[in-house]
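Which chain is which? They are A, B, C and D, in the order written, and residues in each are numbered from 1.
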Amino acid sequence: MTYNLFIYLIITIVAITAVMARKMLISAIMLAVASIALSLLMFKFSAPWAALFELSVCAGLITVLFISAVSLVKKEDMALKESRAKFTILPLISGAVFIFMAIFLMPYFESLSGFTRNPEIQPKVGEIIWKFRSADLLGQITILAAAVFVVKSVFYKRSEQ
Amino acid sequence: MTINLIAVLLPFICALLIILISDKTKYLKELLSIGVLLTSFIAAALGLAYSSGGIQTSLNLEWLGEISALALKADILSSFLLAAISMFSLAVAIYSFSIDKKGSSKWFYFNILMTQSLASGAVLSDSLLTMLFFWEGMLVFLYTFIALSSDSHEAKNTALKAFLINGATDLLMMVGIIITASLSGTFNMSAISNSKLTLIGWGTAGYTLLLIGAVSKAGAFPFHTWIPDAALNSSASFMSYVPAAIDKLLGIYFLARISIYLYQLSSSMQIVLMALGSITIIVAVMMAFVQQDYKKLLSYHAVSQTGYMILGIGTLNPIGIAGGLFHMINHATYKSCLFMTAGSVERQTGTSNIEKLGGLFNKMPVTAVCFVIAAAAISGIAPLNGFFSKELIYKGTLETGYVWFFVAAELGSFLTLASFLKLGHSVFFGKTPSYLENTKEAPFSTLFPMIAFAAICLAFGFGAYWPIENLIKPSISQIGVNTASELTGFHLDYLFAISIAVILLAIGNHLLGFHLAGNKASKASDHIHHAPLLSWLYDIAEKKFFDIYEMGMRFVKYSAGWIFSIDRFFDKITDDIPSGAFNLTSEKISAIHNGSYSLYMAISLIGAIIYLILAGGLK
Amino acid sequence: MTTELLSYSIIPLLAALAIPFFGRRSFKLTEILSNVTLLAGLGNLMFIIFNPSNKLHNYETFSFDGFTILMLFTIYLVALSIVFFSTFFKVGDFNKNAFYPLIMISVSAMSSMVLSVDFFSLYIFMEALAVTSFALIACEEKKSGIEAAIKYLLLTFPASALILIGLAIMLFANGSLYFDISMQNASPAVFSALAFIVLGFAIKAGLFPFHFWTPDAYQGAPATVSAYLAGIVTKVSGMYAIIKICTLLKVMGPASFKISSPLMLIGVATLIFGSIAALAQKDFKRMLAFSSISQMGYIVAGAATLNPIGILGAILHLFNHATFKTSLFLNSAAIEKSAGTTNMKKLSGLEKNMPVTSWTSVIAIFSTAGLPPLSGFWSKLLIILALWVAAPKPYAILALIFSIVTLAYFMLLQKNVFFGKPKEELKEVKEASVYMLIPVIVMCLIIVVSGIFFPFVFEFFEKTL
Amino acid sequence: MTLTSTFSLDWLFAALIIFIGAYCMVLTRNLIKQLIGLEIISKGVMIAIISSGAMSGNTNLAQAIIITVILVEAVIVATGLALLVKGYRLNENIDVKKLDNLRG
């Protein structure tokens, strides 16, 4: 319980920092930190595969993508004049919302957990993916193929030049 | 049933075939259509023979479960109407063979065939829903029929006018059908007729809406205004087919069905019906009397005669109903014939303005004789068919005890005869203008249907006993009218005397007008046209002040302004209030309220939360 | 997944992967390959549907329901029309080497979505579909396309999150995400999950308070892509799932009205809002977009009655919407190509120049407005009947009234664009080429034929649904 | 407050993180920040999924789902960034507020 609470606090604080940060680069790095914390949580929930993926894809690949995009549009950091006030009040608002949720949503979550229904069998991850969720494999292939052509179509002018 | 279905399905298939035939082929489309319509007519006539022989057939295709069934039933009334419709389709198809002014002949025959198919389906339907399907289908082809009958912009406008008027009333009728069905629990007309509905509570609304649909189809006041416009802007073939024949047949058929078969009417509704009939007679015949265009004059008469039929059915006694139905078939015959003469005259002389016509009797003798017979029939001159049906209607009206409606009908009769005297005199008699010296008789294909109709006028007049005994009586006794009393016969009673008096008065009036207008027959109506008060009424009527469509358009124009301002108001609300709410929360947030995207996102999220609360997700 | 029909999703995927290799040789081959793949699929589907032996055996040999097969048919039909149309529609600065593969991948994703038997595969294929649509919208080098794509991405992202939350609830409340298992124990938690999932798909379908991205996406996208999006993509990605869930809710008893009644409210609000907003539009494509929103309202309202008739009406209206909206959008594309604009203020009197386009528009418009005997009439009739029977009466009346408003704004459109006096600068406008007219004419034929032979259509669904 | 498992706590924080992400997506003008908000929301959703998997003793199914969700998320972010870069090349800015040419 304490471990979970600790991780959640880290993720919350990191997320707030990512939103509040003045520089986009810091936001991107904060996001990576949040991903790492989340993967630690997943280890705790005994979901090692998910944690590995989270670590490699979210903390790795996505951060790289973000940082390269940020470096392309770097000067916008200065150009975009945004009011800071809405971000500076975020911690306060988050606190208020947290209290609100603890009062109003907690009972709802408690009542939801009353309806838990455990499955009879508990197959292994590989088994699940191959036997029960083979459709997802097709989905993954589809979405990866889509991603390839998306990038190809969006950057079409550039690849020609 | 199969034999009746031929009249529905064969024209439909042929219509689809006609689209495929190239525009360049000569006579192929015409001959194909005439052949198909001839087959349909023979089939329908055989069907009529079967059902008058007591064989009542029906067809049920249950395909919507409890909601409805595709139910067709051929009782005597339906078979009779089916035969009549097929006859008019055939006649008009033959007539139009050598008429050029009918638009593209491909689309003309396509429309005729589609109308024949759908109208046949409508009269055969036993389920209100099936009938509605055919009825609404006809609406589409009414539009294309008018719109394609001429290249002009006016034709498209008139088509739109006809479409909107009939579309609006059909919509009302649809609501009426829904009410009727929910009151009785079924769409099936035979089932409803077993326990007739009464005019209590919702029943009144249901019947009134159905009534609007029926009389609007028949072209009664105030839904008639597209007919005179169509007379000017579309072809004589169209006029002799749809407004003169098919619409009357269907409208009056449905009126008879609802008023006698489905509903048990009250005496107050009887007055409403009779008043509607009388008003239609008077208003339309007044307008007809002063027209200077051959076809437009006829088109107002087509409206006026509808009034007689409604009056007849509105009497709710056997004599009146028989008269109404008999008048329906008679009117279709002679009015079709009259429109055909108009088309022939227009074809041969190039104009339909009666001021420019004259003395055509010698040039076009057959057309003229047909005109005289049909005109005598419509005016109710003694031994022709119009006389007998009108006499039945008068008798029925007098039997109800409301003398005023009888007087109105007689006044209508007087003006009808007067206007036909004027029309006939100025077109076929008098001096022949020099530019008409070379006019020739119309070709045989146009004369044949005219002669046939004139012959029917004579036959149904001299032998009025036969159609009344064999067609009208069985039809109405099958839909539940007691026909014990004698319906026909030539009586030398007071009605005959009155009719003679009316004829003499009309002739006198014509001679007076002729004299006052300086011996110009086409101006013989001027002494009434320019009478004080009447001239003012005529003026504003000519400006379409009373036209329900124009009224609607005026209303739409004003209300559009209103709706626009309401729309602006809501626009302001959707634009300003969400941002206004944000303003209240914090001025800072409003400053960063960055245009459209954020607003979209915020609204979406707020909507999501509201939905979840509504769905009880957060309980 | 329904394995018998799996090839319908795998073959386009393989074709998409093969296209870059063909495209390097000759561009023609790409076009031919895409057209042939889709045509073959469509031919197969038509064989399945119209095979007389199936009818003889009363469709008992069908191992899948009519809804699935109809959706597959619609997907292939619309995609083939679009691909065929764009083969001859050479406008704009396109990357066609990516355009065709993207279309093929989205066809594959849509087919997989239709064939899914659990909520999670529904979700993942929906995402794949969404990703391809973002790219399709932005495949032209235009500012408006980028703007539309970004808005589409960001504004529909909450849908993904909501669906995933719903899935998370479903996961512990049921232990499984399969449709049939999910429905076996209807605990309040399952209803919560369904509420979230329905809400997510409502955003994807562009229903009333969540519709903001729809007009932007349709207006900003290239002409053929907007026809594709409006005709099928957004319908499958949002509406299919909603109807599917409604068919599942149908068997869950009275408690399901907790979900369906707010959904019905949304549907009616959408149909009202869409028609009212469409009245004020100045742009051809934007008006079509709002009309599309309004028709979505009809479908949702019909499905949310949970009445067999209403659900059938919704399914048929989905199909009819695909036919008439595709033809209208393709017509708008033809006009954009010929006249150079879709602004209705600049267009007038095109009927003389483009008669076929004008008349096909009339047919599509009449079907949208629900005039008999066109196919749109029947589906709307079924929906309104279902609303009358199984919903508060005012809903049915509103649906009826706003179907007249539909006719009104489309008449306005027809009048502004095709009728009226031709403008001087539009004198030289030419009719679209015959090949570009073929898809539209085929769609119109389907509208007319399926309207006239509606009893057979009805019988098919009665037996197979 | 005695909790039988960490379920309610997990979901409470998941909700909070989702709120932070949504706040970011509604209020910021910077497109990159929009995408970061999107990422934060997905983090919250993933917490919810893994927690419900653990709750019902169905962690493996949850894992399988999370793997796919991560993939999808990566593709969506990649698409978003690609569109952003292309938009930057055409518009010379990444301001959401200036994306308002489509209206009417």
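By our rule, a residue touches a chain if its C-beta (ideal position, glycine included) is under 8 Å from a C-beta of that chain, and two chains touch if they have at least 3 such contacts.
Predicted, not measured: the structure shown is a model, and the values here were computed from it.
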- [ ] State the pair with the higher C-beta contact count; candidates are A-D and B-D.
- [x] A-D
Open item on the list: Which chain is most central here if centres come from C-alpha coordinates alone?
Closed with: C
Task: Distance between chain centroids, defined by C-alpha means - subunit A, subunit D (Å) - done: 6
- [ ] Quick one: report the Å distance separating subunit B from subunit D, using the average Cα coordinate of each chain.
- [x] 65
Task: Chain centre separation (subunit B, subunit C; CA means) in Å - done: 41
- [ ] For subunit C and subunit D, let me know how many angstrom lie between their CA-based centres, rounded off.
- [x] 27
Task: subunit C residues counted as touching two or more neighbouring chains - done: 120, 124, 127-128, 131, 134-135, 138, 141, 151, 154, 158, 169, 172, 175, 192
Task: Contacts with two or more other chains, residues of subunit B listed in rising order - done: 589, 592, 596-597, 601, 605
Open item on the list: Residues of subunit A that contact two or more other chains, please.
Closed with: 82, 86, 105, 112-113, 116-119, 133, 136, 139-140, 143, 146-147, 150, 154
Open item on the list: Show me the residue ranges of subunit A that touch subunit C in the complex, using the header's touch definition.
Closed with: 111-113, 115-119, 133, 135-136, 138-143, 145-147, 149-150, 152-154, 156-157
Task: List of subunit C residues in touch with subunit B within their complex - done: 151, 154-155, 158, 162, 191-192, 195-196, 198-199, 202-203, 208-210, 212-213, 258-259, 261-262, 265-266, 276, 279-280, 309, 366, 371-373, 377, 385, 388, 404, 419, 455, 458-459, 462
- [ ] In the complex, go through subunit B and note every residue touching subunit D.
- [x] 589, 592, 594-598, 601-602, 605
Task: Sites on subunit B touched by subunit C in the complex - done: 61, 63-65, 67, 70, 133, 136-137, 139-140, 156, 171, 178, 567, 570-571, 596-597, 600-601, 603-608, 610-612, 614-617
Task: For the subunit C and subunit A complex, residues of the former touching the latter - done: 1, 9-10, 13, 16-17, 95, 97-99, 101-102, 105-106, 108-109, 112, 116, 118, 120-121, 124-125, 127-128, 131-132, 134-136, 138-139, 141, 169, 172-176, 185, 187-190, 192
